[in-house]
Amino acid sequence: MSVKINIEKKAQQLNKQFENRGRLLVKCPDRPGIVATVSKFLYDHDSNIIESSQYTSDPEGGAFFIRIEFHCEDLVNKREQMEKDFDMLASKFSMDYDFTYGNERKRTAIFVSQEPHCLMELLWEWQNGDLETDIAVVISNHEDSREIVESLGIPFHYIPANKDIRKQVEEEQIRLMKEYNVDLLILARYMQILTPEFVDHFPNQIINIHHSFLPAFIGARPYERAYNRGVKLIGATSHYVTNDLDEGPIIEQDIERVDHRDHVGDLKKIGRQIERRVLTRAVKWHLEDRVIVHDNKTIVFQ
Amino acid sequence: MSVKINIEKKAQQLNKQFENRGRLLVKCPDRPGIVATVSKFLYDHDSNIIESSQYTSDPEGGAFFIRIEFHCEDLVNKREQMEKDFDMLASKFSMDYDFTYGNERKRTAIFVSQEPHCLMELLWEWQNGDLETDIAVVISNHEDSREIVESLGIPFHYIPANKDIRKQVEEEQIRLMKEYNVDLLILARYMQILTPEFVDHFPNQIINIHHSFLPAFIGARPYERAYNRGVKLIGATSHYVTNDLDEGPIIEQDIERVDHRDHVGDLKKIGRQIERRVLTRAVKWHLEDRVIVHDNKTIVFQ
Amino acid sequence: MSVKINIEKKAQQLNKQFENRGRLLVKCPDRPGIVATVSKFLYDHDSNIIESSQYTSDPEGGAFFIRIEFHCEDLVNKREQMEKDFDMLASKFSMDYDFTYGNERKRTAIFVSQEPHCLMELLWEWQNGDLETDIAVVISNHEDSREIVESLGIPFHYIPANKDIRKQVEEEQIRLMKEYNVDLLILARYMQILTPEFVDHFPNQIINIHHSFLPAFIGARPYERAYNRGVKLIGATSHYVTNDLDEGPIIEQDIERVDHRDHVGDLKKIGRQIERRVLTRAVKWHLEDRVIVHDNKTIVFQ
Amino acid sequence: MSVKINIEKKAQQLNKQFENRGRLLVKCPDRPGIVATVSKFLYDHDSNIIESSQYTSDPEGGAFFIRIEFHCEDLVNKREQMEKDFDMLASKFSMDYDFTYGNERKRTAIFVSQEPHCLMELLWEWQNGDLETDIAVVISNHEDSREIVESLGIPFHYIPANKDIRKQVEEEQIRLMKEYNVDLLILARYMQILTPEFVDHFPNQIINIHHSFLPAFIGARPYERAYNRGVKLIGATSHYVTNDLDEGPIIEQDIERVDHRDHVGDLKKIGRQIERRVLTRAVKWHLEDRVIVHDNKTIVFQ
């Protein structure tokens, strides 16, 4: 199909364009000389820093975080040696670190139930080349989204779900994540509870959109509860999924103003606009390696 | 003092300017013909509608609310008859209603503890003639604000407070509210808990500013808890005080964006900006009779 | 096609649901008694006011505006008499007025060039039943959007355009507007200049989205100029088209924050998000008869 | 006076607290190795990086900018040598650079005419210890603010101004700037035009607040013009003053929503809230050396 071919071509162009682009994320105990050491390392490895952001949680004995985006000619052939060299330096500073590369896009699975607005927004951004990912598969417990998903050349798997068959549903889902070699799971209004076993498979790899301004209205039916409380603003929150319901590290939040004339149905409509932009922003930042999780909070290097 | 005289002169001018201005607030079961009846009543009483807002909670058998601001020549002499006539009409429609008049400004008491930013903002708006009230008295459990308050010609009462002497403190406060003939109590970061007895004296007459986006972070130390949760937005909420802590009808809320670099001290600084504007807006709307309480929610006719 | 049938069914349901719903818009010189008269008229014609908004441009001799939404059983059969009766009342007050009915949705034409984001947003809202209109036709000087438009069962007309053939292009467009019986033209990033003759055909019936915060950056290439000026916010403006370029009555505006790191391409991306929500809001308000044009400004009864 | 003593004590504490804190701002042609060199330099001079932000205007041959905040024990005694050493490095990279020190607060002059809201906001933030400056003097062409300014222990100079005496007024002002050893001039709604000669004395040292969303409504009476145009948002802009009226590098902008009910007086009231927060933010960023001017635009390292 023409649409599919276009998207693939765009993806290939982007991979090509960024094939000499690398990113380095580092987390370690703070001490003098880290920036000097890391930046000298990159310079010695023919890499020019394009963008760099850092954060120290506490100037007195806190943790240090840095994200560097760099350009290096012929990176594809140099990266192996670079990683090997960096590993020695890393152990000296007790660093956790990660290299990622512009020509290796993350692979994404989108989980959705009936409400398609978040899925649609993600597909839209992806078609525009604004989501740095390959959408490997869409999984749903409803058939509604099959047509639009398949028309874009993305595999769609219908897996009916309810609490009685949760275990086998999740086994099938985990199998698919492996089959499609997925790096990131996006719960785009997927209205099923995940078991701890499932969540443990994907640490800091599941991004959810919750339809309230957390920690207000944790759990079910947040718009109804917002209406009943008479709040003047409603919100949405995108966060990594952990095994505490709606308590995972928050990546992004936003709100809109409402008033006494807005009934529950209006809140839901307004909320859909918030949800889709909040989830999309969070996913983008994750895909660009801008999010670091630390102590159940996120550092977001925008 | 010159400042004081200026403010009094400005207040007198405003009273003069609005002496033919009246407001009518009505709440009743919805039924056809209310607007026709009320607007005909005003027309028959030589009153021209300046502004009118209405709301029906539910088109099927809900409650009906209307706020009308009107102009009537020589209102001072006509109002008694007008109220008497309206009372008959009101009973026919089972109306709760209230007339207020432009030359009778509400009298306000501001309660404050150590943090002065909300008090300062209210005083500032009031000096500019933007708060439609006479600030009758400021009450504090600290001496810090005495100088600025008294320099504006406003009586300042220092009443030390703690939980052991709560009863006698509140008796003194109630006595002062009567002495100063106060219509509205503003808790401008007054950090003492009020007893149910005190609150019951002033139904829908106490406005508080809570330093969080309610219902998130009800209770103490909201900025610390916001910091610990890692939220990406912080907020403030202005609400009427009821005997459920931080559960009264919300009048106004607002937020600001924060990020991982903002420590608790930063959240407090940013929060002060939100608190002062949220409280001031809520107080303004109350003073202009724009807020109606219904079922622990507010209708705000902006 | 299933999508098309679903949308039509939804439209029919909405028409049914609102068939007893009417709206009355009135504009006249201000004088006492208008609200009383109009509300009594509706009451006498068995109509219950659901929502009412009014505005007086100047309490001293200004213009008066009111929008009333009402419910009336069997409105379809009563409306003719109602309109006849109102006409007499209207001439007494020198009223301009307009009745519209819930079962007569406005018919819309969307004009688009290459960038599809505004078209997509409108189609999306319309599919959700959130745009109170029948999209009668889409017209474009590019073929790009044909597939998506036709898949929703909407006629698509490709009319290549350039300044040399402007006259014949516009004749064809005007012919199509008549053929499709169109009430509203939406320029959803249609990048062709319209002649005064064309615009005069559709007074206050053409809504445009301009990709800047008007009156800043009137004319071409606003994002490039915003970038060069170093603004810290970019915006979009939806307005009625008149024969002064980008000078027509503004319906809605919004902005997003940008910073020094955002190059022209980033501004365009961020801008697309603003454009689509600003245009959609303006169109919604127009379709719900919430917008009144007066002296090259709009009164928007939200 | 007690207020004055308190503020001075707070300032001394802040100076003490930050006496080992330095900042380095660098601007140079981009080339590999800059970060490595600069960070190694700081490390070799016993300085630990607290915060670092950088920006490259164009990865292909653009300009490179970096702002580093660092901690160095006994900085007071080490800084001379540090600056000498850095100078050699700087010439190698063709760097423009600037060291500033935590114990040397910038000295500020505030210029104001009749409207005091921006002055008041700056004084308020300064009293709270939130403005990293010594307010050396306030200059006004009106007497209105004398009382409040002098009560805080700040010298107040009344210099009547009009276009006929502009030359001698500005000579007196320049003399005072020297006398008070001023680093930054803040035009806090100072409604006099400055001559090119005056502006040339203080390149990138004069911050103005313009009461519109620039480049909309350049020049006089922006609120009146915003009202006449019927905009739905109004704004304010803080910028460095150059000899092109309202065309200097923009530091910060913000907006508020307005609607058809807001007359010019309302726009002014709402605008005052925007102006005071926009100017205060811009001044804060300048004082913290977060703003770099480049090509009539600003890089703001928030």
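When the chains are written out, they are named A, B, C and D in that same order, and each has its own residue count from 1.
Going forward, a residue touches a chain if its C-beta (ideal position, glycine included) is under 8 Å from a C-beta of that chain, and two chains touch if they have at least 3 such contacts.
Small disclaimer: the values here were computed from a predicted structure and weren't measured.
K.L.:
If we look at subunit A and subunit D, which chains touch each of them?
P.N.:
Common contact partners of subunit A and subunit D, which must touch each of the two, are B, C.
K.L.:
Identify the chains in contact with subunit C as well as subunit D, in label order.
P.N.:
A, B
K.L.:
Measuring centre to centre, with centres taken as mean CA positions, what chain is farthest from subunit A?
P.N.:
Max centre-to-centre separation from subunit A belongs to B.
K.L.:
For subunit A and subunit B, let me know how many angstrom lie between their CA-based centres, rounded off.
P.N.:
Computed value for the inter-centroid distance: 43 Å.
K.L.:
Could you tell me the distance, in whole angstrom, between the mean C-alpha positions of subunit A and subunit C?
P.N.:
37
K.L.:
On subunit D, where are the residues touching two or more other chains?
P.N.:
Counting only residues that touch two or more other chains, subunit D contributes none.
K.L.:
Could you pull out which subunit B residues touch subunit C in their complex?
P.N.:
My answer: residues 32-33, 35-36, 39-40, 42-43, 46-54, 56, 59, 71.
K.L.:
Would you tell me which residues of subunit C are touching subunit D in their complex?
P.N.:
Per the touch definition, subunit C meets subunit D at residues 55, 213-217, 229-233, 235, 249-255, 259-261, 296-300, 302.
K.L.:
Touching residues of subunit D toward subunit B in the complex: what are they?
P.N.:
Touching subunit B from subunit D are residues 3, 120, 124, 130, 147, 269, 273, 277.
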